[in-house]
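Shared chain: subunit A. Partners: subunit B in the first complex, subunit C in the second.
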Partner chain A sequence: MNVNETISVIQIRNVLLVTMPADPDDSTIAALQERTLEAMNNRDVQGLVLDLSKVEILDSYFARTVAETAQMVGLMGGTTIIAGMRPAVAITATELGVTLGRTRTVMTVERALELAGQRQVNGKQQR
Partner chain B sequence: MVSTVETAPAKRRDGGQTSTPEVSQEMLQILVDNIQEYAILTLDPEGRVTTWAPAAERLKGYKAGEIIGKHFSVFYTREDQESGKCQRELEAAARDGRFEDEGWRVRKDGSRFWANVVITALRDPKGNLKGFGKITRDMTERKQADERLRQQNRDVLEMATVPVVQVWEGILLVPLIGMLDSSRTQQLMERLLHRLTETSSQVALVDITGVPTIDTQTAQHLIETIKAVRYIGAEVVLTGVRPVIAQTLVHLGIDLSNATTRASLAAGLRVAFNLLNLRVGAADAAGRTELA
Partner chain C sequence: MTIQDQGEVRIETEADIAVARRAVRDLAAKIGFGITETARIVTAVSELGRNVHKYAGGGVMQWHALKNGGNAGLELRFEDQGPGIADINEAMREGYSTGGGLGMGLPGAKRLMDHLDIQSTVGKGTTVTVRKWRRQ
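What follows is the complex of A and B.
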């Protein structure tokens, strides 16, 4: 399986939208972090929207990678919004003791992009 | 009806009844032929069909000519045939005189119906086994009614355990009453998360006014629920935190500083409106409430 085909990383204006497949294996999860950070570095993006709406199973490695990636994106000056986490995945996440810190979570990608857009507008006004 | 007919004359002599054997037998035949709800048939001692009433044809789909002489296992599901259920039923009827069962049976066209079956051993006056009488009743409708009732009971019970009601577009209310144990808080988490995603609601008001006390475990469950709700992109406002509950939470060292908590449901509702950027104005003369 070609890992690069299973994660979709697209740029919408200044936001990076990363969509995870339903049941990602470890190499896909590792690629998630690699490709996200690479894109944060190479492209003119300020935020990351991580779309988990397809994800059905969460294991501790996946959960940790998501939390860590959000932290790393933060260090690189970006904000992360997690979108579409399913109830079953959310329950597993609490059982695994995942801490997402200040990462925003929303129900849909649409809402995430809305929020990301607002932040950019606010940011420009401040400057 | 072989044995009945054979033993009938003896009874009649003793009882001094006026009807002749012919009339009695005819009446019995009319009864068997006209009963609608019951499929009445007889089997020989090995389980092959020997008589077949019209109601049996209506219920099971076989005509008398097709089924007489066939083994009665054709009425059973494949699993029951393979497990030897039919043979066990005959043995039980022969041993105890009577056997009753409820279960799935199969019609000629392969469709299933839920049947009540009574198998009676038919013995001559000397006690020799002549065969079996089998009465089958289609109970599918009653079974379905039972299932519906059971489902309704489950729904009511679930609703009573963890009621989740939508009070506004985007706002769900969970009024909890009574003690919270682990299984109930687990149900709360699952039901609340599903209802939130179903209704795309962003705020859940969890009201604990009716919860008498809270212990460390319950509080931990509530904290997990608050976290899980946040993960799916919604927010919990914990309302009904009475003085005694507030004291208990602090004394137990439970940190709810990440959660929004309010003393009353009314205050919680205001928080919810604020989160959704809704503004509630005073009602005007016409009684309308302004919402922006």
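What follows is the complex of A and C.
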């Protein structure tokens, strides 16, 4: 497995940051779903930031897996923010006809972490 | 129209879809396609390669680098000996799928490329040919 195919999963406070590689094969994309949901369950995290800034291609299978994962995270009580989609990927995915459901998207990982962090602060204040 | 270079990638496993994408990404770079055009071409490869794997259990992608006067481009031919497509018009319709997919493979690939052609015989197999020319 080369560097183009590995997912990175790290925890930043109580947000899970999952970074997808440039050109993941199908088994790597399937692993995205499993590893993310397991990490959501095992660690003390409330939100998921999915970093797509390295991704060079988003085909229908990849897009469906991302949308499904966000939905599953939602069922578990977490929120998902997708960050950093490249212009060429956004253009191509739209022309192909894929969508990411109603998942929130932002331009940068920094912004996504900021938003995910804010939600938690708000959540704590409400309690 | 002349063929400048050619090769093929066998698509047998899911991992071969990624191998096909990489081969075409390299080809597109050699021909001089830009980032967005390359993303379109590679995405079409992914959709069509997945069709070959999913519906026919495998097949081959042949690639050709093309020249037509001063224009450069590429042609990709996805060939399988699978069940074939009974109704090509139906298969090209948006949202139509028999394999539990999203049904955007063929019409989606057509939008991403300049040209798409399907030859299919039920019980014998399917050949999908796509072409893209570099914008000057």
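Rule of thumb we're sticking to: the second predicted complex is superposed on the first by the 119 of 127 C-alpha atoms of A that agree within 3 Å, B and C clash if a C-alpha of one lies under 4 Å from a C-alpha of the other, contacts with A are read in each partner's own complex, and residues count from 1 in each chain.
Basically, contacts are C-beta pairs under 8 Å (C-beta built on N, C-alpha and C of every residue); 3 or more make two chains touch, one makes a residue touch a chain.
Keep in mind the model is a prediction, meaning the values are calculated, not measured.
Look at A:Ile82: by the touch rule set out above, it reaches subunit B but stays clear of subunit C. In the overlay built on the shared chain, the residue A:Val9 is in contact with neither subunit B nor subunit C.
Judged by the touch definition given at the top, the superposed model places A:Thr105 against subunit B, while subunit C stays out of reach.
After overlaying the two complexes on the shared chain, residue contacts for A:Met72 are found with neither subunit B nor subunit C.
Of the two partner chains, neither subunit B nor subunit C is touched by A:Leu37.
Applying the stated contact rule after C-alpha superposition, one finds that A:Ser27 touches subunit C and leaves subunit B untouched. Residue contacts after overlaying the shared chain place A:Glu56 against subunit C, while subunit B stays out of touching range. In the superposition on chain A, contact is made by A:Ile91 with both subunit B and subunit C. Common to the subunit B and subunit C interfaces on subunit A are residues 87, 89, 91, 93, 95, 98. Within the complex formed with subunit C, the residues of subunit A that make contact are 5, 23-27, 56-61, 64, 87-89, 91-93, 95-98.
Every residue of subunit B that touches subunit A in the complex is listed here, in rising order: 189-190, 193-194, 196-197, 200, 202, 224-225, 227-234.
For subunit A in complex with subunit B, the touching residues are 82-87, 89-91, 93-95, 98, 100, 105-108, 111. Remark: subunit C residues 14-15, 17-18, 21-22, 25, 35-36, 38-40, 42-43, 46-47, 50, 94, 101-102, 104-105, 107-109, 111-112 touch subunit A in the complex.
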